[in-house]
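In structure tokens below, several structures.
The following pair of complexes shares a single chain, chain A, combined with chain B in the former and chain C in the latter.
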Partner chain A sequence: MNTHPAGRILRAVLLTLLYLFLLAPIIVVFVESFDDSTYLRFPPEGFTLDAYRQVFANADFRSGIQVSAVTAAVTTLLALVTGVPAALALTRLRFRGRDAVESAFLSPLLVPHIVLGLALLVLFAPIPLTDTYWGLILAHLGVTVPYVVRTVSAALAGADPRAEEAARTLGAGRFTVLRRVTLPAALPGLVSGAIIAFLLSFDETVISLFVSGQSTRPLPVAVLQYVEYRSDPSIAALSVCLVLLSVAAVVVVERSLGLRRSLRS
Partner chain B sequence: MAEPTAPAAATPAAGGSPAGHLTLEGLTKTYPGQHGAAVRGIDLSVERGSMLAVLGPSGCGKSTTLRMIAGLVAPTAGRVLVDGRDITGIPVHRRDMGMVFQSYALFPHLDVARNVAFGLEMRKVSRSERARRVAEALDLVRLGHLADRRIAQLSGGQQQRVALARALVVRPTLLLLDEPLSNLDAQLRGEMRDEIRRIQQETGITAVFVTHDQHEALSMADRVAVLAQGRLEQIGTPEDVYERPAGRFVARFVGRANLIEGTVAGADGPRTVVELPGVGRVSALGEPRPAGARAAVLLRPHRIALAPATADGPAAGVPDGSSAAPLRGTVLSAGYSGESLAYRIRVGAAGPVLDVERPAGPEATHAPGTEVLLTWDASAARLVDAAEDDRAGADSAPGAADAVPAAAAPHGVTP
Partner chain C sequence: MSGTATAAGDTVPGPKGGPRTAASGDGARAPRGPRPGRTALFLLAPGALALLFTYAMPLVWVVRMALNEPLDGGAIRQTLTFGTFTQVLRDGHYWKVIGQTLQLGVLVTVFTLLLAYPVALFLARTTSRWRSLLMALAVAPLLISSVARTFGWMAILGNQGLINKTLQALALTDGPLPLANNMTGVVIASVEIYMPFAILAMISGFGRLEPELERAAASLGANRLAVLRRVVLPLTLPGVLTAALLVFVLSLSGYVTPRLIGGGRVFVLATEIYDEAITSLNWPVAAVLSVLLLVLFGIVIVLYQRAQRALERRFTGEKGASR
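And now, the complex of A and B:
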């Protein structure tokens, strides 16, 4: 396109600056995670892997990782169990109040998490669901199901409904059509929805702060409480681990199915 | 795959059927909340081994009719019979219909061979038998070499061949094709048209084919059913529908047409003489009508011959035998399109404007503004009903403009 050398150089410089701006916090954290001091500082002065050892030696972090992993896994599963049929109904059926149902499924995205967290606390406290796995999972479902509905709907909207009719004329009953034609067509959306749901749940902080407690403290809440009293490179090391987890998941999805395509709707 | 096998679910009626392989009886579909019916009482039957084209403009109910035959749409009233057996209540997946869709509707996650094998898997055909029949079906559509390609790697024409193979491999009772050529470019369309016809004749399968394209309908089908606004306007051979249209809708939708409105003046043997304002008396073939009735004369643009009008009067042949002298007209425009010349010609001083199509080349071109003589063969003029106000919507078919304002007349459909 722009073949002028000066234009090309300008473009390269601008892109580099943009990416530096976007990645600066992550770079700082990454560098800092190898520092040998006992508090966060920049630039670092030594090099050690102690911070990474500390993360996995810390009991709060370890239980936090466990709580978050269990919560995220169950949340993902339930988000698929509710989100996929919802997406199927929203894209393949015409019924009264379809738009209302669709809005209801997507509305948690529009409400600030702090409002959701407070509302869930008020709702859960008397049941009591606060400080339980089910409370966390239920709360996380609210913010993850919309993504699953969205990604699966997008995949289904891109698939030809005539293919399902063709399968029926070829002798497939409704359930066979669902299993052999509809779900395979929705698979890219299903997988990316699952990964997004898992990452969102694993990362969820604000709502978790309201509904979690001493016995079920997810990792982000544990980190938050840790940094209230201390700030050492182990926080940076933990952050690097989380970033790598997210990047790995996104790369896998992008490579295999195309995340951008399934997010578009 | 010569003889379609009866499916497990179907118990063939004893003694076959006198009416035809497929019969529709009063087939009707009304959608809730929609004004009027999408399909209104269609009766027709298709002979075994023949191909029926269902032709009509978009929204005429042709696709809905096909989908009712397939079982994808439940009729509001009426019946679908195969070999005399009522299948109206049988669900899609047990009807044993092979269907080809406009969008091909292939399974994108399966390769070509597995797409074709799908129906065989549903029928629990053994693996070795499946492989044999898939190969046979792919050979039939000349795609044997592409069996393990992914669908996304195929061209539109190849995808439609896969769709055909997938529908035929199960040896269905009927082959249903819903606008199978509409998504293809012009050259491929011609190729696929011949291909579908060849396959239909080779396999001897009874086929119903939906299209809005009159060329497809006329060139591929044994019989053509013309639909308008959910009604069956005419069913007959391509020649019937084109040469002897049952009504003005058919006349205008199938082929281009000049329709000149007038009043019946009397009979002349088997012919009817019609007084056309601005033209004079013209005799036409068709169902006789009483004198004084409103009627229209159909003249196909390519059936009208032109000759230069010389100063000393008519030089060319006599017209249709009823008008005393050839008609005089003035060329308004002449459009060249390679193979032919499309003229617009005003008859007389203030008569109707007619479309005339002449092959380009052998004849002299008549420049706009020149006077010409119009003649036609006696068989070229057909009598059809006059325009009716409430059917004006259906008349937006390609063809010439009405020359004379519409007048109310009973709408008669000759079966």
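And now, the complex of A and C:
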């Protein structure tokens, strides 16, 4: 495409700069996590793993990790249980008002989290569901179900319904078809929906700020409140741990799914 | 084919005598149960119930809260009045907040589009074997908590940060440049945080872009700039428009970056809603600001749909003219 070598070099330089900008905070956080100072400075002047020790010594972070993990796990499960049947209905059945139902199911994606957080606080405070695990889980459910519906719908729409018809022809019942044909075909969508739901819930900050409290403070809220008053390398160390965790999750799933797919064909 | 399928299927008893009764309603287009309506209701109910309680009801409750009257000390008088709305709309402070929110949204959207477009265009057109790696790198920041990335930007933009330290080491500036605790810092960090969203939205909207068209234009004598302006840009406009909507809407409602990088000196609707609700315990005013933010969202989405339709018309019009 590019004929002039000068143009090609210019383009490479531009792209490199843009990528550098895009990845700058990650690179900085990574380097910063090995700094030995007690305040935020860059570049660091010493090398130590103290920041990593501090993360696990901090009681707020430890309990935050627990709250976020439990919340994200239960939220993911509930999002799958409620979202997958909806995706099945939206892709495999024809009924009146299907398009309207679909946009209703996806509409929470359009509402800003700051508004949803306040709205959930107003609804949950008198029950009272604020500062409880169930409050957090329900608050996260509303924003994760649409993602599950969307990814699973996309996977189901991509799967060939003729395979299901063939299974029916061969005498399989509806549940058997669902269990043996439809859901396996949609498995990549199910898994990616589950991962997205888990990561969204684990990372959810703004909604959690409104509905969480002293006894159930998820990790992002604990980090946000820590960063507001102090800035030391322990936050960087924590961020690096979280990045590695989510990258590992994605790689593992990609590998296992890829393996499964290659085994089947 | 489909007829035989259902007929054969019906000779097998349904699991637990499910709602499947006869094949009478089965058309060629609905290979499933005879009463799709009832099955659909059954399948949609759990999700609908979940969203009713975690999304629809809260929104109704917050709109209702906006019609209450705040009393001193966080107390609320249950009533039905637009008094809180008029109180907010008469207050110059809130207009300033709305103005700053829009200013932040516009600045972030413009810069994000400018920076994301070359990357998206490159990723959409390249045939390099590094393509999937570069694609992964471009969207990798999405995997990382925005709190962590904002923290990274604090380390870059702060008075003791990377930029100011470098500038001072090179003796280019006397004091630190004010890059954090103000609008500049919030814009810089927000642009980076929304860039992956913009890149993804652009690439998925670049469907009309085909290398043949560019080659055709070039072979007909158009220079590179003309190809870019007359072929590439119009064909990628739908993707750019979607990215613009996404980034604008996200930055209008962003909370973490304005709060952390703004250092309590940048007031936007999101930080104001939180402060009113949690610090001042003034739920009615927080609810009014939320409703105003939703109205703003509504206006933006309507404008987007209009622009999209206009774009669509232009495309079909051009096609019609060329035939």
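By definition in this document, the second predicted complex is superposed on the first by the 237 of 265 C-alpha atoms of A that agree within 3 Å, B and C clash if a C-alpha of one lies under 4 Å from a C-alpha of the other, contacts with A are read in each partner's own complex, and residues count from 1 in each chain.
The working rule: a contact is a pair of C-beta atoms (placed from the backbone, for glycine too) under 8 Å apart; a residue touches a chain by one contact, two chains touch by 3 or more.
What you see is a predicted model; the values in this text were computed from it and never measured.
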### Message
Contacts for A:168 in the overlay, against chain B (first) and chain C (second): which applies, first, second, both or neither?
### Response
both
### Query
Does chain B (first) or chain C (second) touch A:86, or do both, or does neither?
second
### Message
By the touch definition at the top of the document, which applies to A:160: first (chain B), second (chain C), both, or neither?
### Response
first
### Query
Now for A:184: first (chain B), second (chain C), both, or neither, which partner does it touch?
first
### Task
Name the contact category of A:129: first (chain B only), second (chain C only), both, or neither.
neither
### First, second, both or neither for A:23, with chain B first and chain C second
second
### Message
Looking only at contacts as defined up top, I'd like to know whether chain B or chain C touches more of chain A.
### Response
C
### Message
By the touch definition above, which chain A residues appear in both interfaces, chain B in one complex and chain C in the other?
### Response
165-166, 168-173, 176
#### Entry: Touching residues (chain side chain C, partner chain A) in the complex
1-2, 4-6, 8-9, 11-15, 18, 20, 29-33, 36-37, 39-40, 42-44, 46-51, 53-55, 57-59, 61-62, 65, 115, 118-119, 122, 125, 134, 137-138, 140-141, 143-156, 158, 160-162, 165, 189, 192, 195-196, 211, 214, 224, 249, 252-253, 255-256, 259-260, 269-270, 273-274, 277-278, 283, 286-287, 290, 293-294, 297, 301
#### Entry: In the complex, chain A residues that touch chain C
1, 7, 11, 14-15, 18-19, 21-29, 32, 39-43, 78, 81-83, 85-86, 88-90, 92-96, 98, 101, 104-105, 107-108, 110-116, 118-123, 138-139, 141-142, 145, 149, 161, 164-166, 168-176, 199, 203, 205-206, 209-210, 220, 223-224, 227-228, 231, 235-236, 238-239, 242-243, 246-247, 250
### Task
Under the touch definition given earlier, write down the residues of chain A that touch chain B in their complex.
159-160, 162-163, 165-173, 176, 180-181, 184-185, 187
### Task
In the complex, go through chain B and note every residue touching chain A.
70-72, 92-99, 101-103, 105-109, 118-119, 122-123, 163, 166-167, 170, 176
